[in-house]
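Consider the two complexes below, in which chain A is the common component and chain B and chain C are the respective partners.
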Partner chain A sequence: MADNDSHRKLRIHALRYNPAKAGDTPRIQTYELEEAPGMTLFIALSEIREKQDPSLQFDFVCRAGICGSCGMMINGRPGLACRTVTKDLEADISLAPLPVFELIGDLSVNSGKWMRGMSEKLETWVHAQERALDLKRIEEPMDPALAEAVYELDRCIECGCCVASCGTARMREDFVGAVGLNKIARFRLDPRDKRTDADFYELVGDDNGVFGCMSLLACHDVCPKNLPLQTQIAFLRRKMVVQGTQG
Partner chain B sequence: MDSTPNVIAGVGLADRPRKSRWPARMDLAQSLTGLALGLFMWGHMFFVSSILLGKDAMWTITKFFEGYFVLGTAYPGIVSVVVAVVFALVIVHAFLAMRKFPANYQQYRTFIGHRKLMAHEDTTLWWVQALTGFLLFFLAAVHLYQMMMHPGDIGPYQSGERIWSGGWGPLYIIMLLAVEFHGGIGLYRLAVKWGWFEGKDPNASRKRLKTLKWVLTAFFLALGVATFVAYAKIGYQIRDQKGAVYTPSWVVPNPMEKAK
Partner chain C sequence: MKIVYTDVLVIGGGLAGLRLAIGAKRRGHDALILSLVPAKRSHSKAAQGGMQASLGNVIKGQGDTEDVHFEDTVRGSDWGADQEVVRMFVNTAPKAVRELAAWGVPWSRVRKGDRDVIMNGQKVTITERDEAHGLIAQRDFGGTKKWRTCYAADGTGHSMINTVADQAIADSIPVHERVEALSLIHDGSRCFGAVVRDLVTGEVSAYVATATAVCTGGAGRVYRNTTNAVICEGIGHALALETGVSALGNMEAVQFHPTGIFPAGILVTEGCRGDGGLLKDVDGHRFMPDYEPEKKELASRDVVSRRMEEHIKKGKGHKSRFGEHIWLDITQLGEKHIHTNLREVWDICHYFLGVDPVKEMIPVRPAQHYTMGGVRTDPSGQSPTLKGLFSAGEAACWDMHGFNRLGGNSVAETVVAGMIVGETVADYCDSLSNTPTVPLGLVREFVEREQAKLEAFTRGGGTEDASAIKGEMQDLMTAKVGIFRTGKDLDEAVDKLQKLLVRSRRIGLRSPQLGANPELVTAYRVQRMLKIALTVAYGAAVRTESRGAHFREDFPRRNDAEWLKRTLATWKGESDTLPTLAYEPLDVGRMELPPGWRGYGAKDYIDHPDTPGRQKAVEAIRAQHASDRFAMQAALMPYEHLLPPGLRGRNERIDERL
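Presenting the complex of A and B:
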């Protein structure tokens, strides 16, 4: 867009707090820097760490919205720092770590630990009928439209933005979040997964699962991969209600 | 000695072999009672607002619900039964929806902070819904109990007197606001919660539903306020005639007398 915008002075107000350091208290620290063309928050934060403050903690791996490690609260809402272009924001930008997840320090959280716990609880892997392992067997064909639908839901990068945005997840620690519900929807679609709705009910048929969701839809609105979370959660809710009222 | 199921349930192992089906039933029941109440409130508002068409219109609707035009005699007891059913719905609904409230200070504090930080419309709307729902515990209970016990006291003059001289005005106005916001948001939430009217483009549909929700809320609030004012005006006009009962001049004989 406007080129003359690209020489703004940005003021990044980052939440600083190191829980490992005795006596440390949360505070906001402001960094000033010149905006560069095409600058993302990742670039801005890297520049700050390089030139101003090597102690600032934040996570990045892929820089392309694939690994899901750079989720943070950007002006109060969760988003990926590497996919957020500064020119879309005001010159004053507030950054904070994602809530819910274990805080490592400053903007860095251990979302992996949470995701692993959720995956184990919900058994988010294909449950195939046990057959003798045969590496030469040709994979069973899948209808392309179905494969596409599975792939659509498989785009989740486990960034945790949906969890951090969710009022339910914030209030209730054991809520599996939209990420968990989306995963169940994904395996439910997959014909290789032999689990039935009765099995899925055992995993998400309670107030920590799909019935805990209060349909605030923040997850849907913040998901950086634009996953159809609203549709998937509503669909799963209908299936689980059928299971719960007939089974 | 306690029976085996009691012992197993008592130590929290009842749902081990198979998850309870109650969360599913409760979620469904919460939505069904919410839907029934929400739709009832629309109908209710239309009936009450008949006063805007005149005293005779309101009187006719009232007598219709008392069975006068079918049975030839007015039985206010019919109204009591309907109110009792609505009361039961409210109790079941409130009991179920209560599960979603913040359960302690920590949760309350977290939600407040979260709502402020996120400034996300649907999250804020849920908060409004929870707060107005909490208010309705008290407001709806008072109103429903009164109507259940004194169903005969509904009519252009009696209802007007209640608002102007009987001290019910403040309750009705707060209840109007609470119900319209609560019910409107609730019906919108039902649609997105269960995936109704999603169509091909759920995001566009959601936007339309949201707009529709606001339009309906504005409409019913406007209708409600106009209705309130109409009753208050009648109450003011008859402020010196305590216990007056309106009967249209064309009604012979008086239905209440025949009922006796």
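Presenting the complex of A and C:
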């Protein structure tokens, strides 16, 4: 952290709109505030709400880049506001809610509802063989490298940045997005999940699934967790083509 | 009046609430979860380091058992814990880890053969057994005798809540997101559910249930410097407190984590020290061995935090423009280890400090971290004073942490308590005599009372600013009710908090609408947070001893003779400005591990008069059953009858086959 004060005057241009309020229209509102050392957009927005405008809506929970609540458009690009440091940006910062998701108000969107819908549709849980679990017994061993590989894909925080950056998601309301395809890749890799490619094909073998992806791959570029989305989508598509043509 | 009916109403969508709901649902009862945020965004997610369970798979965990985990936990608690509950917990933790493994948590696994680890600042080669290959791995953590902390790389809580939340979806358990409980509906002896506000629309409705469970996590945000997420405001604690009937236990027991990054307060995991990270002062000197020659950086959190502050007071902190701090040095762990097992730490340092921990030291200082106190329940998770009210996880005080929680015991507790209390709740709902006749008049009365309170904010003509009051409270708590406490500071804090509470009754809003309105939320929460802050500060002011994380400079000794008891705080009247305190003694005569020295920290304490007698009795029983640890334990302190039948029984290990 730099010890010399910058004391820039920041101008945050936030999109304001409350769909629940009759007659409200979308507009840009500008807030001026003095930059502080180590300031993040979490700190800046909290200060605006505390001192200037208590009605401004946005979502933060962990403020540490791990919960995925604070995805928003930062200068036109989806990102996590909590870990965006203002000193990396110009003094004029534009903020808007993530597109695609239902707007709650201002910078707050209902990504939780979208993610639950995706999870229900893709059944994002381990489908184990039906048998009673004896919790007293030593666990099933698992290859350490495979466990690490599953964890790598399990790192998704469902922030919605990939969906907000996705061309297909703008055109197809039911497209499952990179987040959904990555989940399928994660469970496909997991030996505890007994589903086969035929089962996965039923879930993502169409235009709302892996064949809807146009390979623009902005998802890969904006993912705050640097998930290997490009490789996973390509790999999954190959497997699903095989399943669809030969399966 | 909109009323939603369910069998089990779970307030809080973190790990404890989710697991509890799954348990109740699988027993055939409808469960519904209320959550401020989407469940997967809960603060459970932030548990980076791991979950304690005595599997003993790794070589450094060999010989670990429930017995060792039990002793570590009780010593960690500074004998404040309920030892029967600790026994229930340590016996269920391995089952919880194994259940999660079957459900899909990608636990890190043991790799057979040699590997290099850093221990005590030195590189050491250890050899993992062939028969352990592929089993769940454990890492070292503070306050433990054996390597016991199971982990999923650097994101244990993340993977756990992903898995458990998805199980809840698989079980079709509804989660009502972005809603907040405003009060519990009760008649003074029985709880019937909650009044709930929709944070998006502002609509107020009633949720009526046979069983209501408070699983709302901690109250860290009553402090300025905290590792807790912004939603951890102790509102669940306040819901119980405001019934006037349900008590909060040991609210003065507040843990400070040694390694909050400075100055932001974001946590970097204990795994840093467990994996070999060192604490260094302004001169680059590793100072912990000077204070704690045995456990060094890995003494319990309360001890390490105090030693760091003590060292800073001696002028050995690094001075920055934001104040003084200590350095956490993990550079010796190497790039590969940091980028795989401590990647979350790397991310946090990179994004929030601009520091590369592979090459540079991390500025840290203790920050509020964990609320040991909570809604007082019996070992089954039910309130002893308000029928139909249950609690689990950080929000509860059943009481397994006493005055200090061990690292890795909190996420473990969430799931274990969810498993146990889920069964209790299901048993409760099974019993026909517990099916409530819903007193609709009472429900309406509670809803109307909350609506009137909300309208008082928007139309009451108040002039006080909610954010300003909240800020003053947080500053007071951090300055006066922190790591080192004195009677003078605490009295001042209690006095000022009472004044803030009175002021908070005259809050007015700049943006006075009843719908989605962050300012309104701050307004009604700060009133409740002040009550929680007062239970902490007042409990601390009255407790004239030091125990675990509660450290009084004017009473530095643990005093078992007078203070081996649990604080119970209730809030009797709406217009009161102080909680009413009562005390519940801990029975030395029934303890499996009578009070003694923790093995770290000060050796100085005042014995309870019953301790020598109990110690003798314990030694005799131990000698009599020396060859069979299970028979010994059963003779010392039977507890298994307290567990639900499905969770009883021994745990298999490599060295202890069933």
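Criterion: the second predicted complex is superposed on the first by the 242 of 247 C-alpha atoms of A that agree within 3 Å, B and C clash if a C-alpha of one lies under 4 Å from a C-alpha of the other, contacts with A are read in each partner's own complex, and residues count from 1 in each chain.
Just so it is clear, a residue touches a chain if its C-beta (ideal position, glycine included) is under 8 Å from a C-beta of that chain, and two chains touch if they have at least 3 such contacts.
Just so you know, these numbers come straight off a predicted model, no measurement behind them.
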{"item": "First (chain B), second (chain C), both or neither touched by A:165", "value": "first"}
{"item": "First (chain B), second (chain C), both or neither touched by A:215", "value": "first"}
{"item": "Which superposed partner A:148 touches (first chain B, second chain C, both, neither)", "value": "second"}
{"item": "Which of chain B and chain C A:115 touches, first, second, both or neither", "value": "second"}
{"item": "Chain B versus chain C as contact partner of A:240, first or second or both or neither", "value": "first"}
{"item": "Larger contact residue set on chain A - chain B or chain C", "value": "C"}
{"item": "Shared chain A surface residues [contacts with chain B and with chain C]", "value": "none"}
{"item": "Chain A partner contacts - residues on chain B that touch it in the complex", "value": "18-21, 23-28, 99-100, 102-103, 107, 110-111, 114-115, 117-120, 122-123, 126, 189, 192-195, 198, 202, 206"}
{"item": "Partner chain A, residues of chain C touching it in the complex", "value": "37-38, 40-43, 45-46, 94-95, 97-99, 101-104, 106-111, 133-137, 152-153, 155, 158-159, 162-163, 166-167, 169-170, 175, 177-178, 200-201, 229-231, 263-264, 266-267, 320-322, 340, 344, 347-348, 351-355, 467, 471, 509-511, 515-519, 522, 647, 649-654, 658"}
{"item": "Footprint of chain B on chain A - complex, ascending", "value": "73, 76-77, 99, 165, 167, 170-172, 201-202, 205-207, 211, 214-218, 221, 228, 230-231, 234-235, 237-238, 240-241, 243-245, 247"}
{"item": "Complex contacts: residues of chain A adjacent to chain C", "value": "1-3, 18, 20-21, 37-38, 40, 49-51, 53-57, 59-69, 83, 85, 104-105, 110-113, 115-116, 119-120, 123-126, 128, 133, 135-144, 147-148, 150-151, 154-155, 157-158, 187, 190, 192-193"}
